[in-house]
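For reference, the structures are reproduced in the following blocks.
The two complexes that follow have subunit A in common; it is paired with subunit B in the first and with subunit C in the second.
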Partner chain A sequence: MTSQGFQGAFRQSMAWLHTWSGLVLSLLLYFIFITGSFGYFNLEVDHWMEPERPVPSDDRSSAELATVAMAYLQREYPDAARYFVGLPTERQTLLRVFANLKEPGPDGKAFADAYLDPATGNPVTVRDTGGGDALYEMHYSLHYMPYEVAIYVVGVGTLFMLLALVTGIVTHKKIFVDFFTLRFGKGQRSWLDAHNVSSVLALPFMLMITYSGLVFYTFEYSPGVLFLNMGIDEQAQDELYAHIYPGFEDIDAVGESAELLPVANIIERAQQQWPNQPLRYVDLTHPGDKAAHYGVGAITTDLSRGGTPLRFDAVTGAAIPVAATPADAIFSDGILAMHEGRFADIRLRWLYFLSGLLGAAMVATGLVLWAKKRRTQLKKNAPVPRSLVFIERTNLGIIVGLPLGVAAYFWANRLLPLGLENRAEWEMHCLFLVWAASFAHSGARELSRAWREQVALLAALFALVPLLNALTTDTGMLNAVLAGDWVRLVFDLTCLVFGICSALVWRRLPVPVSAPVAGEAPVDQAILARAAGSAGG
Partner chain B sequence: MSFALGLGACFVAMVLLALAQKKQAALVLAAPVSRSAQLAARAAAALLIVASLWSGVDGYGAGVGSVLFCAWLCAAAWIVALFLSWRRSRGTR
Partner chain C sequence: MQRTRKSTKPTLTAAYRWHVAARGLLAFFGGFALVSAVGALLATLFERSGLMPQAQAVHVMTLVGYLGWCGVAMWVFWHPRLGRLTGIVVGSTAICLMTNVGLRAL
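And then the complex of A and B:
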């Protein structure tokens, strides 16, 4: 075989692998990209979905806030084994307090938590909602699926994604020549351009997010490595985890009471050590005991997931040395930090978020391209294979159905009764019910009509979010501007922009021809043929 | 400041790279770009990309700076691609 022949055959086999590795788990990959993208704004989504939260203010210092929070915890949970105070940050507006109880409380829980208003120190009762975290967690826990199963399903999907990316790079002959090429209004060619541009221009992100996604569950995905090196007994595995995640060495309580240093002193010392880093949390272990100690963590500004915390003796104030993180842990921590983008400021977060949506666009354009290619390969008047009809309809349910579900999730947050039992869970049910309805609708309606109807609904649901918010809460856009609540304002505006973009897409969708005469397939073909020029753009 | 600087450098680099391609340059410029101008544009783009990476690493450290640099490259390339696509849809060939 000549080298050119070999290259051609190799590229062809890679193209086959690219098509099928991308197509088979496309639903899962699209789901992961859409829901995972919300992880970069999980706290902001929380803020919008809990309109009872006060507007952020930075009137009080970290030391004052920590003092107020510790006083609350000592008053409410005097016998707790540990107190934790999450300090307000740019992204998290409330004081979060948490107590590990020595005995389970009346509700059977061994912990208690609450949100405090940073301005008053009073507890804030917020509605029961999944918030941004529920959306974000879905991208690896798949919500209804048992966690242990879900991470393997997601792992297989991620592996397929990595395969699709690598084979896609090999397949793409004109990767540099077509680097900026995005032609609208050219039918199948436009979809190919969109697929190429959405993947190639965000390729570093795609490769990073996929690879780092696999690193998250290294030991779950390759347990043999763990067992062969460390044996199968739990102690050996615990040793490995202790090596990778050193954390604090436990200090036991001695049972003697002692006067503790005020938390404000500790905060002051931490701020001296980290003059440019806002503090994220302070905790107190064994409060009231002679062995009590404080821990302080700052907001990460480097490639790590939490940085190395500081630790102080709560009686003497002496610094307690913290074990250094080993190099391999720093590496894996850095990879995971890149995935989560914890270090990212608001500008980089937007780029992460948009890149995540590009990932979803890459999957979506790939799906449409696959179906369009099969359509054009059909001979004139030939019957359309059922498999192709099925995939075209499923494509609609995937591509438009999931964003519809997300919109329904936001609407449910505002419309479900506040006293509803398991309200947060019902918000999530609404997402999946609407998504399922989208599949049913795309199966029941003539395809081009179904596209128009669902995209119109999507546009309306997102564009009306600001109105819904203004009608059901006092955090509407006008009030948000007056109160300086930029997070809620930007959330509303983002929904509005997304609604307008969906409306623009709707305007370009082909208008279905009326009264099909002889079955559905020829009508669909006619529509697609007519739309060939306009659907791409 | 380094954020805007890095993103700006990437953007100019991407514009230069696009102009160094015949098809893309035809969408923006009236006259075709000569071979030597293409080479100069590519060389300047390479320098700007290095400068952008340096700006990211200098301002944010090696780890975060590298991530930022990749994000700037993607964002800048997207802006240029969308602009060229808009030019094409306006009928410029």
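And then the complex of A and C:
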């Protein structure tokens, strides 16, 4: 291979591409890693952010629970097109009921949902909160942006990430050695080691999560082959999706009313087919119609998103045959299951979560490394380019500002008045307002002071979450222990640990130089050099 | 390209920036066009040879296409000559598109 490529030899060209493909959308990638990581504990975060939820104590059978839930749905929404009942699981301890309405309700929504207490069958009234889902959904919907735009922005970011990962691997001469190398107190070298370790340690996760992120929107992101060979009309899409998702084909209502079998009967039939799998949901499409049918899904422990559901004719109880899933659909389903970790037990879930944070660390160390490298390349007493000062300051807003926003989101959940209109939306506003304030603070304050102040605030906000929880609800750590409410207890402890870790980082940050000698730039340079050395060791 | 190879400290001229932007556009859009055209042609071959049904061939080639795009993007940012590179990408895309249209018309 010739050495005269775009940026010199092949490896140099790829190193250049690695730097820029990683850097250009780094803010987006960091945001995706931080918020996406909460997806592995979205239901647990929901549980903490809705302290009104009862601690589960019911051990009724799936058939009993489904009967209670279906009765509730039929009573509250008699004219619905579909009912859905999410059965309690280890992670989701309430009964979730959902109805697709034929006509939008008074609130303009074409659906209605609620949580029921499994013990009583009554709706559980919880505070208006976005919970863990709102946090995790942001990693692909970006919150303030229209969904159709956001998924393409995220898609471009994901492609850049894929490129940065592959070129990062190609660039590495000693990937195995780098895995074990973390030299402290060596300035720029320490940041490079930290970047390499965080990248290589979770490399399989990074590759999987990036590629599978693209697979979620396979034909939205890359419609070329579909367009060229099948067209993009509705018929082509129906044919394609029937191939990829067998068992989900629509069965139209016929308009004749009929007596339906009770849901308990269907649950019994499903349990005969899946004797060892706990059921996850049951749904009823076209209730009251002669073409009504039940669908039943189970909790899966294999590499799939939930598997093909069982379908039953709701009038006769006969099983509706489902076509076998083709190999390519099994592959894409498995890839998506790996992304979501639906099959993961609690230990694997923690591994997923920490790998996601390592992804964020990879982006953060890459950002610091880039700025640090530019600093060391400056000639002595040379003016510091504005672009470099801008990057150094926005780095702080990105790296510390977003976790500050997340902490503010949890605080807002406890402190905003319960009767506040659009309360859930205001929780999210708090996240972004604090994040924006972090950027403003990074720009206004001397840089090393800004680092210390923001990291100190981060440590305080997270470390005080257990106290805040104990003062504002009756689900504090002591009560959680007494009630056996381990999810809320572990949430509080995790915040405490994160706060302590942030405090340890704060202690290692350099104390600001009080008397600048020759303008801001040289001071910043000295501070950064010390910061790199100090943070490294 | 305005960036001088002999210089140890490259000058980031406007021409160099436009050159990088052109490579970026070629990598992104040209990459997708090439990968889609090659993928469609291979999908047609798989389908017509009875290897797999049409929907499966389209799905498989789209899934593989992301990796292909990554390879094309790397190649675009390595190949030294942008003009020749553009010719290869556009030409290969056109040949694959025409062959695919011809095959599907048979």
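As a convention for this text, the second predicted complex is superposed on the first by the 483 of 537 C-alpha atoms of A that agree within 3 Å, B and C clash if a C-alpha of one lies under 4 Å from a C-alpha of the other, contacts with A are read in each partner's own complex, and residues count from 1 in each chain.
Keep in mind that, in the parts below, a contact is a pair of C-beta atoms (placed from the backbone, for glycine too) under 8 Å apart; a residue touches a chain by one contact, two chains touch by 3 or more.
Every value quoted in this text rests on a predicted model; they were computed, and no experiment measured them.
Asker: Check subunit A with both subunit B and subunit C modelled on it and let me know: fit or clash.
Answerer: fit
Asker: On the A-aligned overlay, A:Ser355 touches which partner chain: subunit B = first, subunit C = second, or both, or neither?
Answerer: first
Asker: In the overlay, answer first, second, both or neither for which of subunit B and subunit C A:Ser448 touches.
Answerer: Neither partner.
Asker: Determine, under the contact definition given at the top, whether A:Phe343 touches first (subunit B), second (subunit C), both, or neither.
Answerer: It touches subunit B, and subunit C stays clear.
Asker: Mind working out whether A:Thr301 is in touch with subunit B, subunit C, both or neither, as first, second, both or neither?
Answerer: first
Asker: Put simply, what angle do subunit B and subunit C open at subunit A, by C-alpha centres, to the nearest 10°?
Answerer: Once the two structures are overlaid, it is 80 degrees.
Asker: Go through the superposed model and pick first if A:Leu201 touches only subunit B, second if only subunit C, both, or neither.
Answerer: Only subunit B is touched by A:Leu201; subunit C is not.
Asker: What is the contact status of A:Ser438 with respect to subunit B (first) and subunit C (second): first, second, both, or neither?
Answerer: Touch status of A:Ser438: no partner.
Asker: Output check: A:Gly334 vs subunit B and subunit C. Expected answer is one of first, second, both, neither. What do you get?
Answerer: first
Asker: More residues of subunit A are touched by which partner: subunit B or subunit C?
Answerer: In the superposed model, C touches more residues of subunit A.
Asker: Once the two structures sit on chain A together, report how near the CA atoms of subunit B get to those of subunit C, whole Å.
Answerer: Taking the overlay as described at the top, subunit B lies 18 Å from subunit C at its nearest C-alpha.
Asker: Based on the A-chain superposition described above, do subunit B and subunit C contact any of the same residues on subunit A, and if so which?
Answerer: Correct list for subunit A: none, the interfaces share no residue.
Asker: For subunit A, which residues are in contact with subunit B within the complex?
Answerer: Per the stated touch rule, the residues are 177, 179-185, 197, 201-202, 204-205, 208, 301-303, 334, 337-338, 343-344, 347-348, 351-352, 354-355, 537.
Asker: Using the touch definition up top, name the residues of subunit C that touch subunit A in the complex.
Answerer: Residues in contact with subunit A: 5, 23, 28, 32-33, 35-37, 39-40, 43-44, 47, 53-63, 65-67, 69-70, 73-74, 77-80, 97, 100, 104.
Asker: Where on subunit B is subunit A touching in the complex?
Answerer: Checking each residue of subunit B against subunit A gives 3, 14, 17-18, 21, 23-24, 61, 63-64, 67-68, 70-71, 73-75, 77-78, 80-82, 84-85, 88-89.
Asker: Touching residues of subunit A toward subunit C in the complex: what are they?
Answerer: That would be residues 2, 4-8, 10, 13-14, 16-17, 159, 162-163, 166-167, 170, 211, 214-215, 218-219, 221-222, 224-230, 239-240, 242-244, 326-329, 331-332 of subunit A.
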